[in-house]
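Which chain is which? They are A, B, C, D, E and F, in the order written, and residues in each are numbered from 1.
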Amino acid sequence: MYTVTVRDHMMIAHSFRGDVFGPAQRLHGATYVVDASFSGPELGPDGILLDIGAATELLHEVLGELTYRNLDDDPAFSGTNTSTEVLARTVADRLAVRATGLGPVERLVVTLHESHVAWASYERAL
Amino acid sequence: MYTVTVRDHMMIAHSFRGDVFGPAQRLHGATYVVDASFSGPELGPDGILLDIGAATELLHEVLGELTYRNLDDDPAFSGTNTSTEVLARTVADRLAVRATGLGPVERLVVTLHESHVAWASYERAL
Amino acid sequence: MYTVTVRDHMMIAHSFRGDVFGPAQRLHGATYVVDASFSGPELGPDGILLDIGAATELLHEVLGELTYRNLDDDPAFSGTNTSTEVLARTVADRLAVRATGLGPVERLVVTLHESHVAWASYERAL
Amino acid sequence: MYTVTVRDHMMIAHSFRGDVFGPAQRLHGATYVVDASFSGPELGPDGILLDIGAATELLHEVLGELTYRNLDDDPAFSGTNTSTEVLARTVADRLAVRATGLGPVERLVVTLHESHVAWASYERAL
Amino acid sequence: MYTVTVRDHMMIAHSFRGDVFGPAQRLHGATYVVDASFSGPELGPDGILLDIGAATELLHEVLGELTYRNLDDDPAFSGTNTSTEVLARTVADRLAVRATGLGPVERLVVTLHESHVAWASYERAL
Amino acid sequence: MYTVTVRDHMMIAHSFRGDVFGPAQRLHGATYVVDASFSGPELGPDGILLDIGAATELLHEVLGELTYRNLDDDPAFSGTNTSTEVLARTVADRLAVRATGLGPVERLVVTLHESHVAWASYERAL
């Protein structure tokens, strides 16, 4: 099994609802360093699983819909806490829709690093 | 599948028995930077797999039983080399016992980084 | 010259005023991984420049005044862009006021990492 | 399941054939920071999955066949693009042949980091 | 004193002349992860030392002249070993020529990371 | 000014005397990831400040005198706490004695990373 990963980041504001979040119920923000890992069992004819440049652009395009925004105002997350887990899934699902031409990839893991001591990921089929 | 990881560290002394260990048979020590990764297929009602703050506290509590100690004197490791692999399992098993209330988690991976060029992990069900 | 550094982080929301900031004029946010480096020419009687535990607590206390907040609402930054540079100076100045008992330190550098590709620091005397 | 990882690096020149590679069709080069991860379900009698020192030497030996070379001149890659994916598989396959005495290992993942924003890996049975 | 750093990378081929280089006399290559650090004593009117976006573009432009090339064929390095030190100075000197409009910066440090265990930098006035 | 840095590590046991150290008064240990940075204003005739391979060997040789040992038993540290600061100076002083042939270097900084959240360094002339 081959896996190729590309990294980018986004910077967002948000707040959480629920006592479990403590001070994170206040409006605050985060830089998410985002890793998108694409996996597949075989390489394509050029000897690559996918074009790293194209994967980088695709990730940048998906993160461009979220970065420099207050996610509390984004209708896509209405009624949902934009936790690191939820955002990892959102990025993964949006990548999956557009990744069809990237190459013979079957699985995708998206990891969001929220600090040097915490990160979360979502894994799904493509 | 969602995965949430939190990081902490511990600083211990120990020695190893067995010719394979060479100079590490002498009393020496290590900083282990410890990553605990909890995985589950669904998020809870607050949109999170688990409370990152609670997971951080739990990891800190488990590492608190080991850090700033000479593991050669700890009865829990009597007759066992406290290799990075054994310590990864120890931390994972101790986390598993206490992780029952953390959230809908099914698997756990604990990784101990012993230097910038070597690390080991143990994976188990919860 | 000796230097001791401790690391922590904060997660804030803010927006910038000025065309130069482009999309960062919108309300967004950042995780800042913060390194505080204390320097001095001599060690104290215990063979340390300062107590790393005390420095860690001091940094955590100073960051606790900023984290999980929208800095646009903080009167301390009224009329000022809370750029990475400004926040590095703010953290350094607040550390300096309270660092008097830490040890024989003469200089302080505070570095705020805003992503894996950008960071800023402020250096001052103590 | 236990996993032990060791890290080393190699520095090579190469060029790629295929329009998808754009400027990387020119002769250029890369540092690959290489992680080799060995996994198995049980530890050996010394309480380790394998000897980290022996694994480090084995990885260094395999990378020694590739480093400080122009891979365009290496007959092993005749007719093949030496993409990060292909090189990850090459290192994994060469490790697998020689890893028989390392310990009770069943799987191997080799990851090649080509920069701070891109890496690739190959996973196989042992 | 304020310092702002931005990071990018380049991937080049080259060889060295001189017995001291051992196997690096052969044609090989490197990924250099490049940090450019700009320093100045005061912030500009927008509360920033410089526009991080503009600094990032400037660094990318300078690295674009070197990346994906065999530096042995670049007349700019005729008769010179393209060591990490020489390349750090080259990048710094080329940044310095074009950094005049970036902001009130006085010093520049360029660091090239050639692997996880070695890096070099060049510092100069602006 | 040019600076070249090489990285290695050591794993030691020790204990501290003094109430300020709290639980670190017990016998424990640490991995120190060690960076040695050599600086000088000019390059030598080969276009390098020093031979990175020779610097790496020199650092490995100096760390070899300390690693895999209980520093409480080392007469060199009799009556001294082997704090991160003291060890940074020890490594720097021992490097300085032997660095005379390395190249036109004038200053040396040695940094010991004791965890992902704390490190210390010592800077001196050569």
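Operating definition for what follows: contacts are C-beta pairs under 8 Å (C-beta built on N, C-alpha and C of every residue); 3 or more make two chains touch, one makes a residue touch a chain.
Just so we're clear, the structure is a prediction, and the values are computed from it rather than from any experiment.
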{"item": "Most remote chain, CA-based centroid, reference being chain C", "value": "D"}
{"item": "Maximum centroid distance from chain F, chain identifier (CA atoms)", "value": "A"}
{"item": "Mean-CA-position distance for chain D and chain B (Å)", "value": "27"}
{"item": "Chain B and chain E: spacing of chain centres that average the CA atoms, whole Å", "value": "40"}
{"item": "Interface hub residues of chain C, defined as touching at least two other chains", "value": "7, 116-117"}
{"item": "Contact set on chain B toward chain A in their complex", "value": "1-8, 43, 46-49, 51-53, 56"}
{"item": "In the complex with chain D, residue positions of chain B that touch it", "value": "16-18, 20-22, 80-86, 88-89, 116-124"}
{"item": "Residues of chain B defined as touching chain F within the complex", "value": "7, 9, 11-14, 23-24, 26-33, 67-70, 114-117"}
